[in-house]
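Per-chain numbering from 1; labels A, B, C, D and E assigned in written order.
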């Protein structure tokens, strides 16, 4: 298909808002022709309206087999998306929900019952100001976002209220994605350098705890400085840290 | 009686019977439930809910000199939209930079009285933008030469406070403001001022009055863009809210443009703009005729 | 304005009492509460007075400054009023509430203390150029009803206490005028307060009206009438306040009563003020906490 | 009918830098000659109940002049910028939230409104907000001799007979906003439109780190003379030179990024370089210069 | 004074040309018939022109013209209260706003509302409130906005009349209409419904009984909802003045009734209950 070819050709190049691609007209879909149209998936930054596909964000076009396209862009403000795990701060308690600030435009709600083992009698011990690691089950533009701290089988699976100590800080959303990517060299390098706990929320909030406060702070500074560094520079920096230069 | 109408059902009805028959079906609820669809169904037939076609202005009426406390005044009605303009002349010192120039200070006020969308307190952004627009028009078109307002170079000059107040907001206030301002300026009578040589104090002869020299007669025409393509003239308040862009073109009697003001909104092609300009030129002639006619009747009545 | 919650039973009690000319604190319908007046309480003003009426406490300070007369009346000085409703008086005055009441009160004061009651021409120094400007600052310290009456008495007392330095105008070499203030602190001008009115607030409660209503009584009334009366019994200002309406006959009665009460208020007030002044420095200052 | 030779109209040197403020969600500075504007955008964030719109985000634009408080003129400029941004942003994606765009004028040396518009566009882009199209603003002046000056300085503006500012969108190349001052003939406005040739000249991105891109765009607006008479279709020539951005390009130091703004871009700088030429033409009956 | 950044600014200082006039403006005659030919010491109010329902956007509106005094009033509501903390569960809230157009007085006024405008708004509020059935509109707010287009005396009195008409036009439940009337007392004689010149003119010597009086009156209930006087008058003069004003209100009453009937007729017959 022409569109796919067109798109594939542009993979890796920069698109700007307003760049358009034209989808094949619906007339091609005839009943006699048995060939099913290829399923196309458009991710963030691409918008389909009628027969047009428009880029709405500035960034690099990415592709994943078979036909998944998205624009990789830089952003600071988090917009909740279903299924994403985030680090939030509990800001209020009401009758049966907590209000959690996740950095979006609206506070998310988190039910008392959405914790592992929580029942009407056995309420989780969560205070205002606590940090929680939770997952979005409802996140769309028209509804209040809703978080849970259990997976589909009712297990905590790493989610829930954070223990004491540690440090939370905010980085840009691109760095978070890099940290979470399965092939992230950055994460591996960090782990090698400072063994400890690292919780990364998709909303750009990172929580870290190492053996002592000094190391935690070092880790925090390292991650922050990684935001605008090339791999080679980073390697250099890490090497120096390892040698105790910092 | 029907309370709520399903939009789609009505659309079909409308397309069958045409927009004019739409009045017989419970239009009110359709209008409030789906205002945009309601308007679209009319625009499709090249007419508008109030019976006008796309390039038709509402009836414009003008009343000149109704406020005796003002030095010049005019009340303009375009359909329901009502603007009153009162001009007060005062004496002041000219600025050091331009010692031979007077001041014209236009201000537009949208009080809470004229529509429920305005709050009392300092002027809204819309009112401020309108004031700035009027100031730009006066400057661009050179309606009055600022030098004419000078009485004694570097010492004394006139300040014309042109205060425009909206009494009924039903869209298209910019056009109405320009007409009101022009008519009020033409109606303005300033007393004679002389400078006493000995005391160098001004002396005003209130009984001896003269009018202002009006150089240009700018007239505005406002347009609204519906659905990025349909252009309608003289929008009502409802149409202004539903439309995606506004455009005001101001021309003078020589056909020159004083302003083409489009503060954003959806884009417009050059041809459409050209269309607007020619409509505005025609409108300028109509309005100038109206002002002259009313002024004449006021004079003959005296 | 400061309000209190009054239950229906209390209202009926107050209403019935007033019907029989018996008020909750034992007063009659045309009696004031205990009033205390002290003048010259703030040393850095030109005139000041403190008045307490029941629990209502008001402080008035007057500053005289030289200013330019208004273009329309070039041969008169003028008064400026500012009422500060401090949140100390009642928490309701915090923010906008106090500001609105302050404007309302000062507007009323402008109307009451107009040129009919003061000789504003004596405040003129040179016509069209200089005049005395009296800044009257009213501070509400505590609110227990009947603010208008307390403020008007305090303003009158403060005006009585005001000492404006004498000025001498001399022509300098260039023909211009020079204003010289007298150095002698005793060489000063006094304001003639004989004709200055006092406000009497009459509250319509049931079929009768009472003078100097407490907050509880105020809560029972539909409307009140302010009458400002001079010593001779002429009325300088009237105003209906409150959400209700009154029939004409009761308005006439209230004006008549206001005139009667106001007239009888002036003589003892003036006597008291003169008495205090005659004490001079021997006077024992009470101050705010006394 | 004569054929008009191309005249050399140019803009002052301009430049832009993005993401230079840490607090806002998107920021940019735009420099046109000596005119310079700094901008920041916050959002989508929580909205005041009184300003909440049920089906789209509320956009607020605040313009701060170099000295003093914003007045009526700034309010009028705010209206222009806001409505232009509203047309290009997809506000319906973030209902019941607020976007706040703050524009700080650093120096005004003419063509301020166009500089404000350009800074606004760059900021929105930097914040990664969903947009239909980009837009750019350009100011033209007609001087006393009838000559057209593009991107005038304050001195040129003062001497000019008429002044016009346009904003064009990048997809349809149509007029988003016009604001004019002074009087001019209908022919002149046609010429103006003919002149409007939006040239998204250079847009370069530098990439650094694993999957981390910093994209820099330069939008140049150049005005050319068009030769087209009686043509009613808008022809767009869209030529782009693109080079894919490799993941691990050496990162330029932050500091060294600033001078690039002033310098013309060269291949040697190893920037991916795009040039998009867009000819914009409109139907005109006839014009003469 | 802080500069007004929200309006187009003029010069720092400007003065009315009337201040420099060679000849003083003619003063209102103190004896004999008045400048506009009306009679002294009689309840000779100016003929009024009243219209209801002129403003398309408002729930109810009225325009009143008495001599050269021109006023317009619009009513919006009942609607949700703007400030949540002021919501009254039992009773509606009435807000009044009265302002003068800058060109309405011989001296140019400022756009910014002064304390005088606020005082007028407050008196308007006090005069109208007793006539409204506010308990029928719990938790809501009714806005009354008055604009004075030309001030030729007795503005407050006419503002009250105009506002009550607009309220009636808006279909707000009321116990009665409210009418306003004012007089100017000048020594032993008085003028009813004074013009601007008669209102502001001040007598040269400190003669007694100089004052102005405005009364708001509910004609069918025979109640006074607003009373405001200033100047020095004896209690007897004041009482007589109030009676005069009431008489003046009764004179206006039929005109207003006619205007309302006309407006109701124009709105068309009520739909039949079939």
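In the analysis below, contacts are C-beta pairs under 8 Å (C-beta built on N, C-alpha and C of every residue); 3 or more make two chains touch, one makes a residue touch a chain.
These numbers come from a predicted model, not from an experiment.
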Intersection of contact partners for subunit A and subunit B
D
With subunit E gone and nothing shifted, sort the other chains into their touching clusters.
A, B, D | C
More C-beta contacts across B-E or across C-E?
B-E
Roughly how far is subunit B from subunit C, going centre to centre by Cα mean, in whole Å?
50
Between subunit A and subunit D, what distance separates the C-alpha centroids? Give it in angstrom.
31
Roughly how far is subunit A from subunit E, going centre to centre by Cα mean, in whole Å?
64
Can you pull out the residues of subunit E that are in contact with at least two other chains?
6-9
Subunit B residues touching 2+ other chains are 128, 131-132, 135
Would you give the residues of subunit D that are in contact with at least 2 other chains, written as numbers and ranges?
72, 75, 169
Pairwise, the chains that touch are A-D, B-D, B-E, C-E, D-E
Looking at the complex, which residues from subunit E come into contact with subunit D?
5-9
In the complex, subunit E residues that touch subunit B
6-11, 13-18, 20-23, 25, 54-58, 68, 70, 72-74, 76, 79, 97, 99, 101-106, 108, 111, 143, 145-147, 149-152
Would you pull the subunit B residues touching subunit E in the complex into a rising list?
66-70, 73, 80, 82, 84, 86-93, 95, 103, 105-107, 109, 111-116, 120, 122-123, 128, 131-132, 134-135, 159, 161, 163, 165, 167-170, 191, 193, 201-207, 237
Residue ranges of subunit A in contact with subunit D within the complex:
10-14, 16-18, 20, 45, 47, 54, 56-60, 72-77, 79, 104-107, 141-142, 174-175, 177-178, 181, 184-186, 226-234
For the subunit C and subunit E complex, residues of the former touching the latter
71, 103-104, 106-107, 111, 114, 116-117, 223, 225, 230, 233-248, 251-252, 255-256, 259
